[in-house]
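Chain naming follows the written order as A, B, C and D, and within any one chain the residues start at number 1.
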């Protein structure tokens, strides 16, 4: 059993990301969700870009299924893709619809440079590397949102962004995070054996995680900047 | 509405495949399923290879999600992947388990040359080409099995392979075929406009369909040859 | 023969890019190369990032060879890759070496967000789309540098950045631009026939070109910002 | 220095392939090249399919450049691609031209199942896996031909196929083999450290080599079968 609820690899990579991890998970956008000070226009701008993000993020999870080495990896990747396309994205669509933004408008939104940079970095990590390169690039988003959701669920002082917080604090989402953490740990052991942390590729994988974490910081900043 | 239940593109490609289409859908392996004369050992050999095939076929549908151009294509590809991994493959696993073959054995089965040729051709069609190249290579399997299932459901003179026949004759599977047919027609119009049949790429796409049809013929012959 | 030296597609896409094209080709970084006012530190920062860029750009041309439809496309892609890896990149290495920066340092340089965004966008265009998606994303860099080099060769009022200007104004590089322009025009006709400009995908391809042009603007701005 | 001229990985994988390696390198097609008994029609059938093979093999080397981890891997992959497209393929074209078969005919040749199986297996190894998966799938062809050429150069009792033999026995080709052997050894150490032979992926990589070796056996048999 892992010392950290989201698995060993996540714990190590999170530690390696150091200040970048804090800059991401405690970004002023996040604090604005927590205390309700985030302007609605910034939240909506974020939400529209996050829809575009999730379209490409779904493509990245589909790519994980393409690169799966055995049925276990395939099943988790297929289930995660299904959850994204049929559950997380519809939530964005519903929230945006309540604000008068329909799905066609969402899909046609001009992609911000930060959205493009992050999503294409993840896709190329998967295309150019292997399953683990892709997982290391996907982890900060999937599991980081779980960590943020769980913390804000305890600490939030405002109900303004409660539905967003509850989405990621919910047991269903926390379970996804734990499954992805386990998927990564298993994939590392499957490919590198008992001690994957000293394989020559260990630094490169941590580097993928750190780069993706920085791209998350930029994504929040893009949200704050507004449309 | 299309003159043919599985869509316009399928009707045209099927026609272009001519004798190859008949060699596939009326192969002696298929006739052996219909009249019960197919030796059990051949059926099992086919089933084991078909499990390996479906693992890669799932990867190909995942690749379709990677290459989706808009949310509609994404949703159908994700749903088809889910159906394959969580419904069609478990059926193979269950049938094989009843014969004393567990999933680890299935996954570790030595891949026959015919399985390898077909699956990798489909993957490369998707990697090297675009969404349509992939669809044209996937269509003979998905929709061809629907056509075979529907015909055998009317014509079979033996109950020996009735469960196999009913799987593909079932309304659920026939609906998948209709959805895939519509997905292809829509994808063609989305990319080539009103008259996709005279686009310069039309012949190349029909060629993908025909090659995959021939690889289906080889796959049945591999089954007949036995282990 | 084309009315414009770099081919028909380039002329149309350049026109579609409008103000974005001017923002790229007449960026203050470019004007600083022309009149010598560009600070050396900015130029070096650009050069280091451009080395990282060219590594990924080489990967993108290699991907073009992967996606080539016939020997003609293959030969041009392979020759361009060879020119990049064995001629353009060594020039960067030599220039940087004269400034005391060796190749290992170049390759280990921390990639700026603008470099990452642009390079991964191009790679994903190729992975997700087809040969033309990739060409449309590659064209602003390859041919745009040819246009900038040719103009600065006539207009530059300073010799400070003359070697850079001459690299892209040189007949060898201008020939590469003409060949790439012809490659794109031929690829369009090969896939869409006599009138590729009204194919449904025409707008999407122009969109690829425009997005890449905007990423070029960001790349110059990154250079100006300095290390 | 390696005990075997083509490197450590090749020596180990060759050993792991055992009888399959002999079935490939001492196939009756090869013995027919050596003693001149190979019917000309078989040789030509092989040569036409080998042209088609080399087109896809070039795509596979281009994919190696796409997946290169550092400039050294990139340069070797780009140089090998250039050698294939601009040197080895023109030799096929010239030989076939002397027999009245032009390049358009070659490129339009109907691909045999064995050609398709082999080439697409290699492409998918690269797309689905990483650089090493691709190298393990490419090695039997590149280096195996070097071993065959060197042996036949010593043992051949007929001059009928002397030009073919000399192509692969030539110092230029033997150097390519040595470079590819070194590329693979370096890539293994770069990714797995000092003892790559006991990494969990070692068996899977040897498996890639063995599968590709078997596909070489089928390729010769296809040649013998004739058109």
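Note that a contact is a pair of C-beta atoms (placed from the backbone, for glycine too) under 8 Å apart; a residue touches a chain by one contact, two chains touch by 3 or more.
It should be emphasised that the depicted structure is a prediction, and the values quoted were computed from it without experimental measurement.
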Neighbouring chains common to chain C and chain D, by label: A, B
Between the pairs A-B and B-D, the one where more C-beta pairs touch: A-B
Rotation in the CA alignment of chain A with chain D, degrees, nearest 5: 180
Distance-maximising chain from chain B - centres being C-alpha averages: C
Chain centre separation in whole Å, for chain D relative to chain A (CA means): 42
Where chain B and chain D are represented by their mean Cα positions, the distance between them in whole Å: 32
Inter-centroid spacing, chain B versus chain A (mean Cα positions, whole Å): 34
Chain D: positions in contact with at least two other chains: 59, 66, 127-128
Parts of chain B lying in touch with chain D, wherever the complex brings them together: 59, 111, 113, 116-117, 119-121, 123-124, 127-128, 211, 214-215, 218
Sites on chain C touched by chain B in the complex: 66-67, 127-130, 133, 189-193, 199-201
For the chain A and chain B complex, residues of the former touching the latter: 55, 58-59, 62-66, 68, 70-71, 74-75, 77-79, 81-82, 85-86, 89, 103, 107
